[in-house]
Amino acid sequence: MTAVVRPRRFVEPSALPGFGPALGFTMVYLSFFLLLPLAALVLRPWEHGFGHVWSVITERRTLDALKLSFGAAFLAACLNAVFGTIVAWVLVRYDFPGKRLLDAFVDLPFALPTAVAGIALATIYAPTGMIGALLDPYHIQIAYTPLGVMVALVFVGFPFVVRAIQPVLEDLHVEVEEAAATLGASRLRTIALVVFPAILPALLTGFSLSMARAVGEYGSVIFIAGNIQNVSEIAPLLIIMHLEEFDYAGAAAIGLVMLLISAVTLFALNGVQALVARRGLR
Amino acid sequence: MSAPSPARRDPPLLVAALIILAVGYLGLVVFLPLLTVFIEALRKGIEAYFSGINQSEVWSAIKLTLIVAGVAVPLNTVFGLAAAWTVTRFDFWGKNLLVTIIDLPFSISPVISGLIYVLLYGANGWFGPQLQEMGIQVIFNITGIILATTLVTLPFVARELIPLMQAQGSDEEAAATTLGANGWRTFFLITLPNIKWALMYGVLLCTARAMGEFGAVSVVSGKIRGFTATMPLQVEILYNEYNFVAAFAVASLLALFALITLAVKTVLEARFADELAAQRWR
Amino acid sequence: MSLEITNVNKSFGRFPALNDVSLLAEDGEFLALLGPSGSGKTTLLRIIAGLEIADGGAVRFGDEDLLAKPVRQRGIGFVFQHYALFKHMTSAQNIAFGMQSKARKLRPSKAEIKAKVAELLALVQLDDLGERYPAQLSGGQRQRVALARALAIEPKILLLDEPFGALDAKVRRGLRRWLRELHERTGLTTIFVTHDQEEALELADRVAVLKDGKVEQIGTPEELYHEPASAFVFDFLGDSFQFPCVVRDGKAVIAGVDVTILGAATPADGPSTAYARPDAFVVGPADGPGFGARIRDVLLAGPDARIDCVLDDDGAIEVRVPHAVAQKLAPRNRISLIPREVRVWAET
């Protein structure tokens, strides 16, 4: 048979109307609100030369801020991965009064404006606050330390892991666990070798979403962080500081670096996730 | 829930321990900050609460927030409909890239979302000086706030509609077309009724985020009291002036709105599960 | 007026779905497009309706160029495989939709629409179910609403995509008969797509068999059955077995036996492949002519008895014989097998 090889068309012809206007509007809208501004982020750091970019991002203060933003986000995501899995498990598998309410409240960190969460957390963990006062006698301080930054990021990232795992756990057929039981596996063995691998890709998705969100977080952090230079100053705050000094190139440089590190991290996590999923564990 | 399969039965002690752990974590991370908002707001009594809110600055902040959401949400709704129609009803080159770009604002730090508009329209921005000469000020003005808010909330409606419309397919629209209906008639009488709950869901999440956005807005607003301070920014201003009762009082309004959002969202999810794509909220 | 399809081409990306397809449906004819999945039959149907855009070729109805018109002006009734009923509208609203979509000048009055809906509901025997929503109807009822909805625009042509695909076997048979009667009553030129050869042969005036985007054969069910144009058509219309053979003097020599070749054309002499139906075999004693075989199982249920056997030179075969023959046989018996008649096509 002589297969007619055609060049790939831009759009497959369709019986439904509106492709041109709808695509046109979408592209203009995206360009105006997203792509043009992002182009500025990519182009503007270099206007005072590469040296300026290098000096801004290798400055001790910048490095410390980046380290804090990414480090605290990573630790917060780890904490949420562990507890998020437990919460998802409990919500899917067990029945207890108030469960539905609890389920609804998992999303609160999405719904509550970050500034509101920020001042509440700062109040709770300040040395005079509800929890801060409990810890003060042991000389443990959370507010105005890197620990405080992490606490805020735990709040922001909490729902991601739960919401990623929940549907997978719900869809997991009971037969799988029954089969493991009939084959003589203990409950622990079944969970470790059958259930956990099934939710692992979702767990990784939740982890990366949680971390991505935490890295750029601002509102909930700045109140509890105390913003002490080289100690509890996060990268987004540094951007604002550069802007206030009208150092647009410096601000853009930090923003660009943050985006790049995030992209690389997400890319790596996606890679791991794809690897796990491909091993047929899903 | 019916009794679980014996293969899924866990030791009662373990179940109790896990439930307590999950409830405890949720309580600490989510409930406590929420509770704190109301406790702190009412610390000095109901009168102090109301006088905290009943200030002209606060009223202007409320008004500004409603205006900003009132512009950003309809814009993103129209965008979401156009983008979803384009992506789900046609097959064209670069479709997956377009979907990725639509998602992009979710992975950008809010501060960067504000920053990129400053890079364009700020005093040292690409277009800032020219616009200034024409008497148009974008940054430190309501326009900038609307731009930043629109960007941050850009994906919400589209993200909710795309998976749903993809799953529904275009058979009903094709049927309407064979029956002689034109594009608008098909859209309003067939498409819209099929996606109305998902649309409402997306608009709800979009509105919640638009009203609560802090990071992006704080970069572009300049925080001019009574003029460019939205509610979350007003919370920050009051908090930084140690006017805690007023700060938390305004915060409590936002928290109340968040609770209403959660309630409506939960009801929508429970009643119209099949008609929602149950997107992850970010 | 007849529907004339000439040299229609269509590809999806790099995948050619239709390759120079030409077809003619006579006025009032009931035509089936039969083929396996991926043969292009649904694509062809959707091109006629305007739901896909052809890359080239022409579709004419009488002297009207259908491809030049947008879907909504073609006036073609289309019944979707999964019905595509509007979920948020009642049966009556679904049926009325097309009439209400007409330009104001052409739109019938409310009363006329109402009367027409009632008439159509009666036609599809759903008189009392006009206020039901699709979710409250059974599969067969939905199918009929979809049909009534398509008929409401008084189409020139009716197209049905796998009309019974989503229904269970019993409902299917009932609806089939009913659809045939409906066609006789309306006299509409009707084309339907199916992958079920029994359905095509039973319902249609003529059947077009499609393979890899080409029309393999078109003809009445009798023609297809008695004069299949290719091994593919023969195989698609029923179970078949194939053997290597040598054609000599108009006979196929299989395992040393001369076997009658069916069909008008006589293939050229030389090695070829012979095709036989399972009911066209002669079962003989162990030392008889043909292939030696051992019986694995004798199944006596059904109109014909079925004999499952293993050929000595490898391969299993299940032939159908009258019960009278089968009753003398038992598992582990040795027999000989030879086709009574075969078909041979020029090798491609």
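Should a chain be cited, it is by its letter among A, B and C, assigned in written order, with residues numbered from 1 in that chain.
In this text, a residue touches a chain if its C-beta (ideal position, glycine included) is under 8 Å from a C-beta of that chain, and two chains touch if they have at least 3 such contacts.
From a predicted model like this one, the values you see are computed outputs, not experimental measurements.
Asks: Spell out the chains that contact chain B while also contacting chain C.
Replies: A
Asks: When I count C-beta pairs in contact, which pair ends up with more: A-B or A-C?
Replies: Between the chain pairs A-B and A-C, A-B carries more contacts.
Asks: Calculate how many whole Å lie between the centre of chain A and the centre of chain C, each centre taken as the average of the chain's C-alpha atoms.
Replies: Between these chains, centre-to-centre, one finds 54 Å.
Asks: Report the inter-centroid distance (CA atoms only) between chain A and chain B in whole Å.
Replies: One centre to the other, that is 16 Å.
Asks: Could you check chain B for residues that touch two or more other chains and list them?
Replies: Touching at least two other chains: 174, 177, 182.
Asks: Two or more other chains in contact with one residue: find those residues in chain C.
Replies: Answer for chain C, listing residues that touch two or more other chains: 49-51, 71.
Asks: What are the residue numbers in chain A that touch two or more other chains?
Replies: Residues 8, 12, 14-15 of chain A touch two or more partner chains.
Asks: Note which residues of chain C are touching chain A in the complex, please.
Replies: Residue positions touching the partner: 9, 11-14, 16, 19, 49-53, 55, 70-71, 212.
Asks: Considering the complex alone, what residue numbers of chain B touch chain A?
Replies: 1, 4-8, 10, 15, 18-19, 21-23, 25-26, 29-34, 36-37, 40, 78-79, 82-83, 85-86, 89-93, 98, 101-102, 104-105, 107-112, 115-120, 122-126, 147, 150-151, 154, 170, 173-174, 177, 182-183, 186-187, 205, 208, 211-215, 218-219, 231-233, 235-236, 239, 244, 247-248, 251, 254-255, 258-259, 261-263, 265-266, 278, 280-282
Asks: Show me the residue ranges of chain A that touch chain B in the complex, using the header's touch definition.
Replies: Residues 8-12, 14-19, 21-23, 25-26, 29-30, 33-38, 40-41, 44, 83, 86-87, 89-91, 93-96, 100, 102, 104-121, 123-124, 130-131, 154-155, 158-160, 163-164, 167, 174, 177-178, 180-182, 187, 190, 209, 212-213, 215-219, 223, 236-237, 239-240, 243, 246, 248, 251-252, 255, 258-259, 262, 266 of chain A touch chain B in their complex.
Asks: Please output the residues of chain B touching chain C within their complex, sorted ascending.
Replies: 171-172, 174-182, 185, 189-190, 193-194
Asks: For chain A, which residues are in contact with chain C within the complex?
Replies: 1, 3-6, 8, 12-15
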